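To start, the structure under review is shown below, and the notes come after it.
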Amino acid sequence: MTTTTITDSGHDSHHDEGSYLTPHKGGAFATIIQWATTIDHKKIGMMYLFTVLGMFMLGGVAALLIRAELWEPTRILADGTITGQLFQSDSTSGYLTYNRLFTMHGAVMVFLVIVPGAPATLGNFLLPLMLGAKDVAFPRLNLLSWYIYVLGAAFAVMSLINTGADTGWTFYTPYSSSHAGNTYGNIVMMTTAAFILGFSSILTGLNFIVTIHKLRCPGMGWFDMPLFVWAMYATSIIQVLATPVIGITLLLLIFERVFHVGIFDPALGGDPILFQHFFWFYSHPVVYVMILPGMGIATELIAVHCRKPVFGYRAIAFASLGIAAVAFLVWGHHMFASMGELANAVFSALTFFVAIPTAVKVFNWIATLYKGSIALNTPMLYALSFLFLFLIGGLTGLPLATLATDMHLHDSYFVVAHFHYVMMGGTIIAFVGGVHHWWPKMTGKMYTEWVGIVGCLLVFIGFNVTFFTQFFLGLQGMPRRYASYIDEFQLLHQISTVGAFTLGLGFFIQLGNFIHSLIAGKKAPPNPWGGLSLEWYIESPPSEHNFHAEPILTHGPYDYEDVYPPHCDPADFPLPEPKPEGNAAH
Amino acid sequence: MKAETAKTFDPNDPHGFAELGEHHGHHITSTKMLITVILILVALTGLTILTSEAETYLVKEMGWALPEWVNVAVAMSIALVKGAFVLLIFMALRYENPLYSIVFLFCMFAFALFLGLTGMDIDNRGHVYPWKVHAINAGGTGVNMNYPGGTIHVLGETITLPPTTYTGSLANHVKEVYIEQTGISEDEYHRRWAEANHIHEHHDTLSSPARSIARTGPSGALDEAVPGEHAQDAAHSPETNSGH
Amino acid sequence: MSTIDAQTRVSDPAQPGWKRYKFADHFRNAEDEFDACKLGFWLFLATEVLLFSGLFCAYAMFRVKYPEAFAAGSHHLNVWYGGTNTLVLLASSFTVAMAIRCAQLNNQKWLRINLIITIICAFLFFFIKLNFEYIPKWGEGIRPGLLYSNPFAGDPMEPIWWSVYYAATGIHALHVLIGAGLLIWCLVRSFRTTQYGPTHYTMLENSGLYWHLVDVIWIFLFPLLYLIH
Amino acid sequence: MNTCALTLAQQTSWLTKKIFGAPGASELARDSDSIFMWIFYFSLFWFILLMGLMIYWVIKYRRRPGVPIQRTPHHNTNLELAWTILPSLFLGYMFYIGFQGYIKQVIAPTNAEMIDVRGSKWMWTITYANGVNPPEMTEIGGNPQAPIIYIPVGRPVQFRMTSSDVLHSFWIPDFRFKQDLMPNRYSSFWIEAEAPGDHYLFCAEYCGDKHSEMSAIIRAIPADEYDALLQKWFDDSGNLTPVEAGKRLVESKGGCIACHSLTGAPGIGPTWLNAWGYEVPLTDGTTIPADDPDAWDNYIRESIINPAAKIRSGFAPVMTPFAGVFSEEELDSIVEYIKSLSDKAPAGEIPADDSPEQPES
């Protein structure tokens, strides 16, 4: 029970020397070719990480420009809007620049950053490692999904160059099908981008489900998997079951836009609310595609840095599946202001069911802290920030699920703040924490700890200043997607803008820390945090083949009470008194 | 937490699938079975066409008032049986790993939710205000979509698109253009219309939407579009065929 | 049940492709790889069903709201073309199931014959659809969306019915062509390297599953589109 | 409303006021606020409990060298069941009060006065039961032509709403309710003002370029004044000159001046000042000839009914068609009014008291 049989059994024929990051012997060009044609999940994960990071910067710049525009309640008739002047658009185009910016921010952040973010980067990198596998089940499909992602990103950027779409990321008809834009190209391109990205998402999800089913290492039963893997499993189920519906939705939207088939256009007898149903049948479950990996990452971070077995392992695992199941029942709460009364009541009732597994998870995370050995390093600070922000995000979801209050808060800044607390405070914060946590494993380099802590604090403070004020804006009557507003709201908007730039600075510091680590970071030990899941058994960065021999699992991922972490000085991680024999069985 | 599994570890069956029954190997379906199934499928196809024709006959010739759902229920039940045969035998779900059936059932579950909850909204708008149920103009308000109109060339044919704006439905607009271009009388149009719609006799007594074979005239759905409860309704009502 | 041992594989080029096949090295054995591929493909089939679910949903919503328009539109479709197409697809489903059986029994000749019949059926389906349905309808002015120019619409909502019809059958026809492409690829590989045999026919079986799914979807589209009153 | 929630809200109305900026303008709005406050206190309790525990444990059990973790149970079924079921009961109650409040919000009293609302890019058109449109305007958040919608105090008012182009949403924050407007459908919204006063109306569903300026003022006035006002507008509308009638139409019913300036300033559409009778290039290469009254009258008529037919160079085809909105008589009035704004108009047609402010340039 206290040792592991994960050993290098000397199958030298299997592995070459050096890590997966070792450049190709044929020079830089050969290395690029090697990466571009790799089917190694780790390389693909890293490629995803850098493309997602690039897209995150694009979306982030758009966000900062949005906040800059809202510094003043500008009037186009007076002297033009701030963003309008910045991009020298003439005053007749009104708020188009702003509208395109928030559309780009939304579409890029949702379709290109958060949805593929955690699953395709950390998931790709870690899933086979945590399962003790050599690769994901379909490595070539995995590479294909990265190329599809890049193609989708290219379409999104092309749409942006082609004046950009101004429909909002939700593409509501009939505005998107018949009214938006002066050219056909930009909207169709953005829609095509989202359509293509759906394929990438489906392939990743499908790949992960099969990997989890078929490639767990010997000895690993379903309840010996790390909870991150459980979260990825639930995520993948949603990706596979929900994404095809956005495929057909966007396909019909393109038909609508090009041929005016009329299914979603009331001018031809169609029903715009039907489009919303189609859209949210995917886009609500996809909210859980975004948050579930974040929850999984947070679980890992808390367990490792508290050195505690996760409290209620099965409850968390089943809560993940529960969230995935309920995800398909609640999409109507995005449409309370446009649906019929019966549907509103039913969807409101169903929406509350999401709160239950989510609450269970939060309780379990907090309970895990009890009597642990909590290290307050950067990843743990991110995990604690996640708990704080996600709790606010979850609790502010309650008045949005309650019909009487949602009729006021719907489509207001309250909603904006709520989903930023969940999507950004939840997913992005956990994701960045996860990147810190596994950075040594991925790159073989340590980052500078104090810079990480400073960055984390800036992000945490900036985030709260930005978005907490927006709750008040929404409650007081500030609608979404407004480029100019009544003067009463200016103070709160300015506080929010200051917060946004603090947040941006925090991320910028993190980025600098990573770049510095890549160039001049200390070499990372195989197991800097004392983790117990399988990825910590191999060197940092891992070799091309992950494990030198097939690992055989002998302990659970969270047996911190009984097992010394591998590659660590046991004195650093003392174990409690052994359990009395009588209670050994659980 | 672990350890028991490691003791009985079998490298060829690392997850104990043999015990769980997860490995089902390769089932070879017999020719006899395949031929039986294809014959059943062909017979069911004949049956579904036959029932559909029989319903038409019953309604048209015998004057039975079959409710609308009979048609759907019969056709869909037969389709379900056919689909089940293909899935279970041809696609071998019956013999294979139950996991595949579970995947398929989950997919059906998602489909049912999609259909059911969407229908719950789309078909239940009028509980508080009945005037929320219907479209103001059956067939649409008229094209209002920054669409240039004019002519386009598709498959070597020149097609004239409707102008950007007309009021009422596209079908009505096309009809008006046709009458204007050909200069035919309303009666002549109705004769040609009945011919094109394969209606040789008028069964006015059967023209209820609750029945099969409901079609007798182009205005069936128009008559019930909006109740005239308020003074403003005259402006919205489809008789004047104007959006606002 | 046939468990295949990797070590018995031969790399002799004279041997048929299915004997030379070596599974990818991140799987433990060929059986695992076969199961993984099949599970993956069933998941993919689930996504295909859900892709069509959008069309079925649009159909159902408009059918519930405008039954008369749907009945009127359906009367323009000839049940015999639809019925023939149903039989064609059912027959091809049968032959593809037979082809897989032939692969399992290493009957290469009939494997190819069955595949060829299936592919012919696929194109026959497409030909009937195009030649007897799409092209005449297009000529009558029964076209999707704004192109609609048939002056004898039976109901104001009839253009919507045709939009749904064209979207559903069009996307289905696209799947027929993709399925035919997969089967042609299987046929080519079968001719070139005798790729499919008792121990290895993953690609053939998955293409067959895809083809069956196309058939199942048509089994539902046919009564929905052609048999409405 | 629920008594428990109400008491809580009353005890802490100062906090409610801080949060919402202003108290709800009707009883239903305050009910909605009290439900919000109930959820707020519920959330605050859990937030403080969980974050308090977290911070306390993080400090208490922070890592110290050589100190091992302590053994604790890995799960506790009773505890876990308790923290699953207990909040669920509260959630059920939350749904219940939310549903009750919502039903009151949507079901209008049978004696409610019906007012028609039409949303279009980017203006609100109000039509009262006697057929008049409110002619008064004010400036809100950059929109100098936001209509003032008068409603009576103490009498329920139901808006029957539809849209002529894209989705809009009718949101009056002070009344804590919003409802989407859909083309080719009706939706409903009702309120009852308690006291005279102004309330903002915003469009809350993104509808394109000037979404941010699609606002209005809801002005509650005593019921007798309201009745008198409506009667006055109705009487006025009978004896206007064509130019006056046209001016009123483009300001209220049509809302044209949201995009077409009267001062020569650029806008989303061409300015109307000195437009009539001048040569205008079109995007298809042709022009509307100068000094051709018939061509100009027809061009204006066509551009109202079918704007995309002739697009002036340098402008995008974004205008909502107004086919079926105006009667023939009203179209004539609008043409006359636009004509009156041009210095090429036949002499004597510009009434001295109704000429627009001349721009500096």
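In this document, chain identifiers A, B, C and D correspond to the written order of the chains, with residue numbering beginning at 1 in each.
Basically, a contact is a pair of C-beta atoms (placed from the backbone, for glycine too) under 8 Å apart; a residue touches a chain by one contact, two chains touch by 3 or more.
Just so it is clear, the structure is predicted and the values come from calculations on it, not from any experiment.
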Third chains touching both chain C and chain A: B
By count of C-beta pairs in contact, the leading pair of chains: A-D
Whole-Å separation of chain centres (CA-atom averages), chain C against chain D: 50
Rounded Å distance between chain B and chain D, as computed from the means of their C-alpha atoms: 37
Rounded Å distance, chain B centre to chain C centre (Cα mean): 20
In chain D, residues with contacts to at least two other chains: 106, 165, 183-185, 187, 317-318
Set of chain B residues in contact with two or more other chains: 11, 14, 99, 106-107, 110, 114, 118, 122, 128, 132, 135, 138-144, 146-147, 169-170
Contacts with two or more other chains, residues of chain C listed in rising order: 35, 39, 43, 46, 49-50, 53, 57, 61, 146-147, 156-157, 159-160
All chain pairs that touch each other: A-B, A-C, A-D, B-C, B-D
For the chain A and chain B complex, residues of the former touching the latter: 1, 5, 174, 177-179, 213, 216-221, 224, 237, 241-242, 245, 260, 262, 265-271, 273-274, 277-278, 281, 328-329, 331-332, 335, 339-343, 346-347, 552-556, 558-559, 586
Chain D-touching residues of chain B, taken from the complex the two chains share: 128-129, 131-132, 135-137, 140-142, 144, 146-149, 163-167, 230-232, 236, 242-244
Chain A-facing residues of chain D, complex: 19-22, 29, 31-32, 35-36, 39-40, 42-43, 46-47, 50-51, 53-54, 57-58, 61-72, 74-76, 80, 83-84, 87-88, 91-92, 94-95, 97-103, 105-106, 121, 140-142, 144, 165-167, 169, 171, 173-174, 176-180, 182-185, 187, 200, 202-213, 215, 265-268, 315-318
Residue ranges of chain A touching chain D (in the complex, touch as defined): 73-78, 90-96, 99, 166-168, 172, 174-175, 179-180, 182, 266-267, 269, 272-273, 306-315, 337-338, 341, 344-345, 348-349, 352, 355-356, 359-360, 362-364, 366, 369-376, 384, 387-388, 391-392, 395-396, 398-399, 401-408, 410-412, 472, 475-477, 479-488, 560-561, 571-572, 574-577, 579, 586
Residues on chain C engaged by chain A in the complex (per definition of touch): 24-27, 32, 35-37, 39-40, 43-44, 46-55, 57-58, 61-62, 144-147, 156-157, 159-160, 163-164, 166-167, 171
